[in-house]
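The two complexes that follow have chain A in common; it is paired with chain B in the first and with chain C in the second.
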Partner chain A sequence: MGLELKFTKKLIIAALLLIIGAIFPLFADEFLVSILMQAYLWAFLAMSWDVIGGYGGQFSLGHAAFLALGAYTSTILLQGYNVSPWVGMWAAGVVAGAAGALVGIASLRLKGPFFALGTIAFAELVKLLLLYFKGITGGPLGILITKSGPENMLFETQTPYYYLMFVLMLAGILFLKWFESSRFGIGLVAVREDEEAAEGVGINVYRTKVIGAAISAFLTGIGGTIYAQWIHFIRPDILVKLEYSTQIAAIDVVGGAGSPYGGLIGALILVPLSLYLNALFGGMIAGLSLILYGVVLLIVVVMIPGGIYGLLRRRLRRKLPDQR
Partner chain B sequence: MIELSAYTQLLVSYAILGGVYGLTALGLSLIWGVMKAVNWAHGDFLMVGMYTAFWTVTLFGIDPYIAAIVAFILLGLIGMATHIIAIEPVVEKPGGHEATLLTTLGISVILESLALILWSPSPRSYQNVYKDTFLEVLGIRTSVAEAIAFVVSIASIVAVDQFLKRVRIGKAIRAVSQNPVGARVVGIDVPKIRLMTFGLGVGLAGMAGVLVSTFYPNIRPLAGYVWDIASYVVVIFAGLGTIYGVIFAGIIIGVTEGFGTIVFSNAFRQILVYVVFLAVLLLRPQGLFGKALRRV
Partner chain C sequence: MLEVKGVVKRFGGLVALNKVSLSVKEREFLGLIGPNGSGKTTLFNVITGYYRPEEGRVYYRGDDITGLRPHLIVKKGIARTFQIPKPFGRLTVLENVMSAAMYGRKAASRSEAKEIAMDWLEYVRLKEKADVEAKALNIVERKLMELARALSTGPDLLLLDELVAGLNPSEMMEVVKLVRKLVDERGLTIIMVEHVMKAVMSISDRVFVLHRGAKLAEGSPQEVSRDPKVIEAYLGEPIQV
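So, the complex of A and B:
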């Protein structure tokens, strides 16, 4: 009885949030729409990171590389071969996913900080290679997207992008919800908690880590396509930034790593705050929006381990001690 | 013949750079060894050291090498404050490694943004005679600033080694690094040692920042990044728990960069460094001079 009530309640809350999200552009101005849209995109990237960073417990600081690989793949296909990004994004995911599998193989040997270092070096390497192979990537000048039209995932106003990213974010949550109760997802968590024990109950640690990293990178690559379609040009130095890798991880950790909602919660708090600060002070004070990431990250990690979602869940559980 | 001497010249200046890499890596290595945590803000402390040199030299007209002492003390204090805020509260909790990674990442972002806000992104430099005076030994020219930076780096590394071997606190630092539980059992105040180590490590980074600023006049808020990567590479190369390994690893990395520049283009040099770095990381994570690490 109690459980059913909780389920209906959850359903109502979810439906309400969905409706609010869906009709939001109808009564908000372009600036607000654009802020929320970016929050969705970062939420999706944070959720993608969560697969390997949260559920897998492998702290990657190189996800900007997958973002860039995805963005470059679909953009090269679009500009060079006239392949629509609606198709190209899957290719982007595959290319990024293959790179992710390489990182996954590396994670078998590199633990903790060594893995984080390795991913930083990997991202730097990707950036340098993108700069080096000028013939394909345009080198430091990057590639400008000159096509147009919805069939090429290019829109005149912000509203269609809003819905695109809204759907992307929802897909991310649904995926993680399915993923965390899937056989593979449970195996990945088991590997995070204790590799030897996981091996003992018959989980193939090697395969689990490699596929986990590949899935995470695949999703990030798709995010990269969407990002490129939105900003209309790509360049190694604006895509492969340690700041981006950091931001993706920070959003997820602040929101609550290893949960389907952590990415969204973190992005809804951090992205609007930083964009708002940016808009408020403009180019005058360049560092102000970033400082926020530092301060919030510091406070959350020291004061509320488990992130904001973890805090909310603990609060709710305390209120309902009979439903554990 | 002219070409050959130009190459030697280049290699020597990269070897000198490598010696300074050694000093920048030393603080990182100490903290890593004692806390089993990477200080991601290391390069940013180095950057603060550079600005310390800039301000003390331009405002008070102090010699940059006295500024190095100022930076050591100032950054040591900042380091201890950072430790109290960001490291000590999380270091012993479960998942402490990830937590310190995140908190120092937070500190890094805060320091960079503060520097951007306070001092603007444009690069600065200060007047100093050492940079513009040159020495010539065996036909190889180097600026006095570079030569001093190299000598001071090596001397500091030797001094730290002696400190760790002979002074009581230094011995305690080594004890905590090797076996924190055992150290506690024999009555060492482990949290205090961690605080001292973090202060020392950050102080060394600050000093390295001043030395770098004497010959590399490019003081800007994101300057730490280059040195960050170099320090990580050197620490990984040297392996943990070796003090002198850091010097050799630094020089090897410096010379590798030099060769990369000669044999390939300048753009390819960096690619080479990262490829070598990843290869070492994957094939020999305990480093070239390190003992085998216990699996974390």
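So, the complex of A and C:
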């Protein structure tokens, strides 16, 4: 009975949050809507990272590269071939996913911090390639999105973008909820927990890691399309930034890696904070947000492993020990 | 059923296994004993694909499985437990055991896997812990979970690495009975590495003794326990007073 009660309670909380999220733009001004919207986008990116970073235990610091590959793929398709981003986003996912598979292959050789370094190098490589192939990517000048209309995922005001990213974020949570109890999800966590034991129950460790990285990059690529559609302008140096890669990872780790809600919790805290700090100091202090993420990451990793979601869950369990 | 022929495994200058040959028949319970460092676990690692031997071959039901990757050996129908249990700590006990059913020999669907897992958890009497995170288990429970996990892969040949070490005598006899029943009632074939002599001798059909990476003796538990070479290996040379 305790379990049923808990379930209904959960349902009510979820419904309330959903309604608040859905009607938020009706009451708040455009500025607040824009902040929350960005939090949703980063939440989705953090959830995408979570697949390989949290569930897979491979700490990537190169996810900005997948973001950029996704953004470039759909934007080139839109500007050059008139393909709507509603279609192009899937191509973006596939291109980013293929790059993710390459990174996954690297993860077979590179462990822990070396993998993280490898992904940083990979992101730099992607940036250089985007700069080099000027004919397709526009090189350092980037690409400006000149189309318009909802059929091209382009809107006049922030509100439609708000709903777009709201749905994206919800889809991310639902995906992770399904993923974590799926056959592949359980296999991926098993590999993270103990590779030898995973092989011992018949899991192909190599394949699992590569596919895990590909799924993570696929989702990040889709996020890249949405991001490009929102800022209307892409350039290698504004997309492939270590700062972005760090932000994606930091949000997820702070919120709680390896859980469907970690990304959202982390984004709701860190995104407004970093926007506020950037507005406060402008561009005066270079690398300020990098320092912020570094410090916050350190604190969380040392003080509350499992992130804020992990902390909340432990607290709740302690309070309700007989509800097991 | 399993045929190990002249296996040599070296680590640098150390010869861990020196031309070891061993065979197991269908539905046999083989005890594998030997002093510390005699190569028992190394032999398990060679059979299950974790190590590739420098020389010799391993045949399973006529197939050469030497050096095959571990997950493929599981799919052939060989499962193992580890000397130091290796739970997937942050998965629940049920998920741990389910993973084996989903990825093991049959590649069961989620619902089938859950059934298989629950059956084996009941068999090892761990059913009430199904929803607990595996890292919360004590050492005995971890070992039982590993047994259930190995069984869920659907093996015909099961390799148990010091399953009962660390258990108290009454727990030990219970687990021993459980394991013996797998051979008698479910038709499995088992090789068990064990330090606890009482357990091995009471349960095994045949005992194989390794010493310094080579075969020292082989035979029924009675023969082996009377063998002077075996006694010497375990107790050292007789001392002249």
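Heads up, the rule we're going with is that the second predicted complex is superposed on the first by the 308 of 324 C-alpha atoms of A that agree within 3 Å, B and C clash if a C-alpha of one lies under 4 Å from a C-alpha of the other, contacts with A are read in each partner's own complex, and residues count from 1 in each chain.
One rule holds for everything that comes next: a residue touches a chain if its C-beta (ideal position, glycine included) is under 8 Å from a C-beta of that chain, and two chains touch if they have at least 3 such contacts.
Please read these numbers as outputs of a predicted model, since none were measured by experiment.
Participant: For A:258 in the superposed arrangement: first (chain B), second (chain C), both or neither?
Facilitator: After superposing on A, A:258 lies in contact with chain C but is clear of chain B.
Participant: Determine, under the contact definition given at the top, whether A:59 touches first (chain B), second (chain C), both, or neither.
Facilitator: first
Participant: Taking the superposition on A as described, I'd like to know which of chain B and chain C A:106 touches: first, second, both or neither.
Facilitator: It touches chain B, and chain C stays clear.
Participant: Now for A:122: first (chain B), second (chain C), both, or neither, which partner does it touch?
Facilitator: After superposing on A, A:122 lies in contact with chain B but is clear of chain C.
Participant: Can A:190 be said to touch chain B (first), chain C (second), both, or neither?
Facilitator: It touches chain C, and chain B stays clear.
Participant: Using the superposition described at the top, determine whether chain B or chain C touches more residues of chain A.
Facilitator: Between chain B and chain C, the winner on chain A residue contacts is B.
Participant: Which part of chain A faces chain C closely enough to touch in the complex?
Facilitator: 181-183, 186-187, 189-190, 193-194, 196-205, 258, 324
Participant: Please give the residue numbers of chain A that touch chain B in the complex, ascending.
Facilitator: 57, 59, 106, 109-114, 116-118, 120-122, 124-125, 128-129, 131-132, 242, 246, 249-250, 253, 285-288, 290-291, 293-298, 301-302, 305
Participant: Along chain B, where are the residues that touch chain A in the complex?
Facilitator: Chain B residues touching chain A: 32, 37-38, 85-86, 89-90, 93, 95, 97-99, 101-103, 105-110, 112-117, 121, 221, 225, 229, 232, 236, 267-268, 270-271, 274-275, 277-278, 281-282, 285, 295-296.
Participant: Give the list of chain C residues in touch with chain A in this complex.
Facilitator: 48-50, 69-71, 74-75, 79-80, 82, 86-91, 95-96, 98-100, 102-105, 110, 113, 131, 149-150, 152-153
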